[in-house]
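Worksheet: one structure, shown below.
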Amino acid sequence: MTDLTKLTIAEARDRLHRKDLSAKELTQAHVKAVEDARALNAFITETPEQAMAMADAADKRLASGDAAALTGIPLGIKDLYATHDVLTTAGSHILDGFKPRYESTVSQNLWDDGAVMLGKLNLDEFAMGSSNETSFYGPVKNPWKATSGDNMGKDLVPGGSSGGSSATVAAGVVMGATATDTGGSIRQPGAVTGTVGLKPTYGRCSRWGIVAFASSLDTPGPITRTVRDSAIMLGSMASYDAKDSTSVDRPVPDYEAALTGDIRGMKIGIPKEYRVDGMPDEIEKLWQQGREWLQDAGAEIVDISLPHTKYALPAYYIVAPAEASSNLARYDGVRYGLRNVGDGSSLDEMYEATRAEGFGGEVKRRILIGTYVLSAGYYDAYYLKAQRVRTRIAEDFREAFGTVDAILTPTSPNAAFPIGEKMSDPLAMYLNDVFTVTANMAGLPAISVPAGLNSEGLPLGLQIIGNTFEEGKILCIADVMEKAAGFDAKPTNWWSK
Amino acid sequence: MPNLEGALHMSVDEKTVARIAHLARIKMDEDKLGPMTEELNTILKWVEQLDEVDTENVAPMTSAVETTLHWRKDEITDGEKADDITANAPRSEYGFFAVPKVIE
Amino acid sequence: MSDMMKTGIVQGALTDWEMVIGLEVHAQVTSNSKLFSGASTDFGGDPNNHVSLVDAAMPGMLPVINAECVRQAVRTGLAIGAQINKYSVFDRKNYFYADLPQGYQISQFKYPIVGEGVVVLDMDEGKTKDVGIERIHLEQDAGKSVHDQHPDMSFVDLNRSGVALMEIVSKPDMRTPEEAGAYVRKLRTILRYIGSCDGNMEEGSMRADVNVSVRKAGDELGTRCEIKNVNSVRFVMQAICYEAQRQVDILEAGGTIDQETRLFDPNKGETRSMRSKEEAHDYRYFPDPDLLPLEFDDAFIDAARETLPELPDAKKARYAHDLGLSDYNAAVLVAEKENAEYFDALLEEMAAKAGKAKADVAKQAANWVISDLFGHLNKAGLSVTESPVSPAAGAELLALVADGTISGSVANNKVLPIMWEGGKSPEQIVEDEGLKQMSDTGELEAIIDKVIADNPGQVEQYRSGKDKLFGFFVGQVMKATQGNANPGVVNQILRPKLDG
């Protein structure tokens, strides 16, 4: 049984199509893995019955020869995606009891391809966080544990906001998971759990039916064990959606076909501004190693400059909270979720009591920042300024892509840290996204690939950033790097009884 | 209306935070105002560095995506699903959403 | 009060004050579906039945713009000669209210779709006044709450939530309640003409927010108050009168006016402060990140222009200039598109029947429509589109008057009522009822001679100066002919005979 949870999506697909394996068996194994992994606290809602029913349907399709790449593949869905009649919480108390009467476009794409849903995955509340510690449903534990150093024996964070997604993929509990990336929430969790996290180009995957955090930044994408699996999942998740005005009408290419293994002649940019003060030597070394891997594969390394890099994070912390403060205004106790009437005296009282009880501290903090920067007198100085800086950041990349094919950077300035360690200092937490947030601000695709272990025995990732709609190219480079890195470490199972 | 020159160098006081919390309809207890004000000021101080960027004549980014607005045909394609609309309501009566009385 | 209506002057205890009035009219766009969702815009319907997930602001929902609403806004701008902006942006207007599910309204703040234009008011005695339009923008309508169905709950219905509105903002160019009334009426006429809004104020498809301030002659503008959601022309004028007086009373007592939002209570005829909007508004406008800028080209604008009908001002000028109608009659016919359409159809029929030019039959047609047809329609409580008498039938009737078969009064008092019941043509009715006008001079002369002979006393009185008795003789002739005598011919024969 346990072998089945060690398969990659590509391997499982091949065996399913060869009738070597049934969808039922495959899902059965993963349903058990879900049960056994409750110590990770990665699921908010498990859906074993639905999973088995979907597996049955998948077997029928496989039998009739009408199967797609993901038919019969058991996946986890980040609890930010609306799933029909299944509790959808966004990791928040304010959506207590909310069962949508609709399905998000991206998850519907997966079901249309015959994939199987194991359940809804834990996340930072409203996708706001880098450690999955702000969830109303409690923190998720990283399956990885330090094997040396001060953090031995401690529970570590799986990254965030897509902590449930990264933890379950890393632990072999789901074969792949959907996630979203607004400032790094796919790539950073990927990096600290040794999994592959892909953030597509903004507008590549539909946002319809995904709880909105920051509209101009939110990007749905997959977390998987391998680059090939990532290509397979993206091929199903991506589509043009007329119900989303920011969706881009471009055909979805065959991403797997892009994995040619050949990157000869490609130019890889190394931006000097990504060398930040206090960055651990190990990460610098890994970055250097990454350059060598790609050079050995025939690529050319080019030094580039992205001058406005350091301003991306502060600009993000104006734009994202501003949009969030408006997007979260609908959580008011009137039409769904939690209602707290306060002293019952008025509608305003109900709003204030509901939102005070329903939102956690980080969400409140960001709503207040966002409300402030949009308020009368401050809009020009903050929001408009940040949007202008954003244009500058995008210009930096546009200029760079005039000379290079892709850009290589570390994904995260640190490995997984202990749960609770950074909660008292919001800025310390925000800095986790310093390498990832630039791609969100410019709307570019980027992928994190597991590249090595640090001295504590914890995974580190390297990031490849590409030009708009060049997912195929960055997947190709990532595939080459993945092979060169040969990262095959797995976390030791401490979580199942 | 505050003087916008160097406006990024503003900090907030508790009174302002209370006002913003009300704008955002989030009840804040007196004892939570202090810590929140500090946290917000830490963040506001940190974003002040954006002042260093020359953005003269730079257009604010209107969209992260290169595409044009899609226009929908004027057809009735939705509605007639009152049950779905009120299915998750904490309180509904006769098909309406029910809320504490509003006095105008 | 009625003087204030016309003059706009409030006679304070200490001095005279003048009013400054601006109107923001919210007009629901005529379209099948809503501005950003595919739900129906139909009025009425069971609660929350014309609501999509987007209108209900469910988590993860996104707006998609309705092409027809864009077209209608452009057509409206063109109809008031306004600047059309090929680039405009949707902004979020953020505030909390039970009928606003998103917690923000998608509107246009900085870059509206239509810029400056003008509406020409038709005032008394053929005078006109130009009222400037500042801008028109598109925005979502809110839902509706009812507060009187339950002791401690309000009920929210989102059917109206998301319906497209055009907010038409005037410049503060009006100075009297009458002007404000004329403005609303004219705007409504224009919108109905082009079909971009049905202008039904009772149903709420057109509402006015009235901005009123007062000042002493020569002073700067005073602080204004906004009276929201006034839903009839009469109420607009009443609200202005009350509000202006209220402000004058405060100022003369030494107080100041608080800039606030108020509601008009038609039962009391008063405005009162809206408690829920007492605090200063900070809407935190910013461009909606779920949408992109709205852009279109000259070809789109030209295509929209092609669809505009002849507009009221142009039509009125043509009626007066080409058809020779009086300004008053032209104005009455033009006030409702359906009136003008009926009139145009009638002219068409009459001209064809008589083989004459339209200009030659226009006056007769206009007078008949306005006095006779409208008279009957008003009594029956029908609109011109519900008229049981078609333009073709009206043309037949008028042809009988034109050729002398019947008199105008017989046509109106005897034939038209029977036509109203339906089934019979005017010719048939005249035939059946024996209404053919007697015009034969020989016959009439004989009858007149008899009437004169039978009434020597009255003849004596008439000849000694009682001119009014002429009517008595005409009446006697009518009696003797069952009302069928041609009055013109009777007068021609009778007068010389009586005068002797």
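Order as written gives the chain letters A, B and C; numbering starts at 1 within each chain.
The definition used in the following text is that a contact is a pair of C-beta atoms (placed from the backbone, for glycine too) under 8 Å apart; a residue touches a chain by one contact, two chains touch by 3 or more.
Remember, it's a predicted structure, so these values are computed and weren't measured experimentally.
Asks: Looking at mean CA positions, which chain is nearest the middle of everything shown?
Replies: B
Asks: Is the C-beta contact count larger for A-B or for B-C?
Replies: Answer to which pair has more contacts is A-B.
Asks: In whole angstrom, what separates the CA-based centres of chain A and chain C?
Replies: Computed from C-alpha means, the inter-chain centre distance equals 58 Å.
Asks: Taking each chain's centre as its mean C-alpha position, how far apart are chain A and chain B in Å?
Replies: 24
Asks: When the C-alpha atoms of chain B and chain C are each averaged to a single point, how far apart are the two points in Å?
Replies: 41
Asks: Hunt down the residues of chain A that sit against at least two other chains at once, touch-wise.
Replies: Residue numbers touching two or more other chains: 98, 100-102, 216, 242, 245-246, 325, 329, 332, 334-336, 344, 347-348, 351, 371, 375-376.
Asks: Check each residue of chain B and list the ones that touch at least two other chains.
Replies: In chain B, 23, 25, 63, 65, 67, 69-70, 72, 81, 84-86, 91, 97, 99-103 touch at least two other chains.
Asks: Could you check chain C for residues that touch two or more other chains and list them?
Replies: Correct list: 53, 56, 64-65, 96, 98, 152, 154, 156, 282, 284, 289, 291-292.
Asks: Spell out the residues on chain A that touch chain C in their complex, using ranges where they run on.
Replies: So the residues of chain A in touch with chain C come to 81-82, 88, 90, 95, 98, 100-102, 104, 207-212, 214-216, 242-246, 322-323, 325-326, 328-330, 332, 334-336, 344, 347-348, 351, 371, 374-376, 379, 383.
Asks: Taking the complex as given, what residues does chain B use to touch chain A?
Replies: Those residues of chain B that touch chain A are 1-2, 4, 7-8, 10, 12, 16-17, 20-28, 36, 39-40, 42-44, 46-47, 49-50, 52-53, 55, 58-61, 63-67, 69-70, 72, 81, 84-91, 97, 99-103.
Asks: Touching chain B in the complex: which residues of chain A?
Replies: Touch list, chain A to chain B: 97-102, 201-203, 216-217, 242, 245-246, 248-249, 308, 310-311, 314-315, 317-318, 325, 329, 332-339, 341-342, 344-353, 355-356, 359, 364-365, 367-369, 371-372, 375-378, 380-382, 384-392, 394, 426-427, 441-443, 468.
Asks: Given the complex with chain A, which residues does chain C contribute to the contact?
Replies: 53, 56-65, 92, 94, 96, 98, 101-104, 152, 154, 156, 282, 284-286, 289-292
Asks: Where on chain B is chain C touching in the complex?
Replies: 23, 25, 62-63, 65, 67-82, 84-86, 91, 93-104
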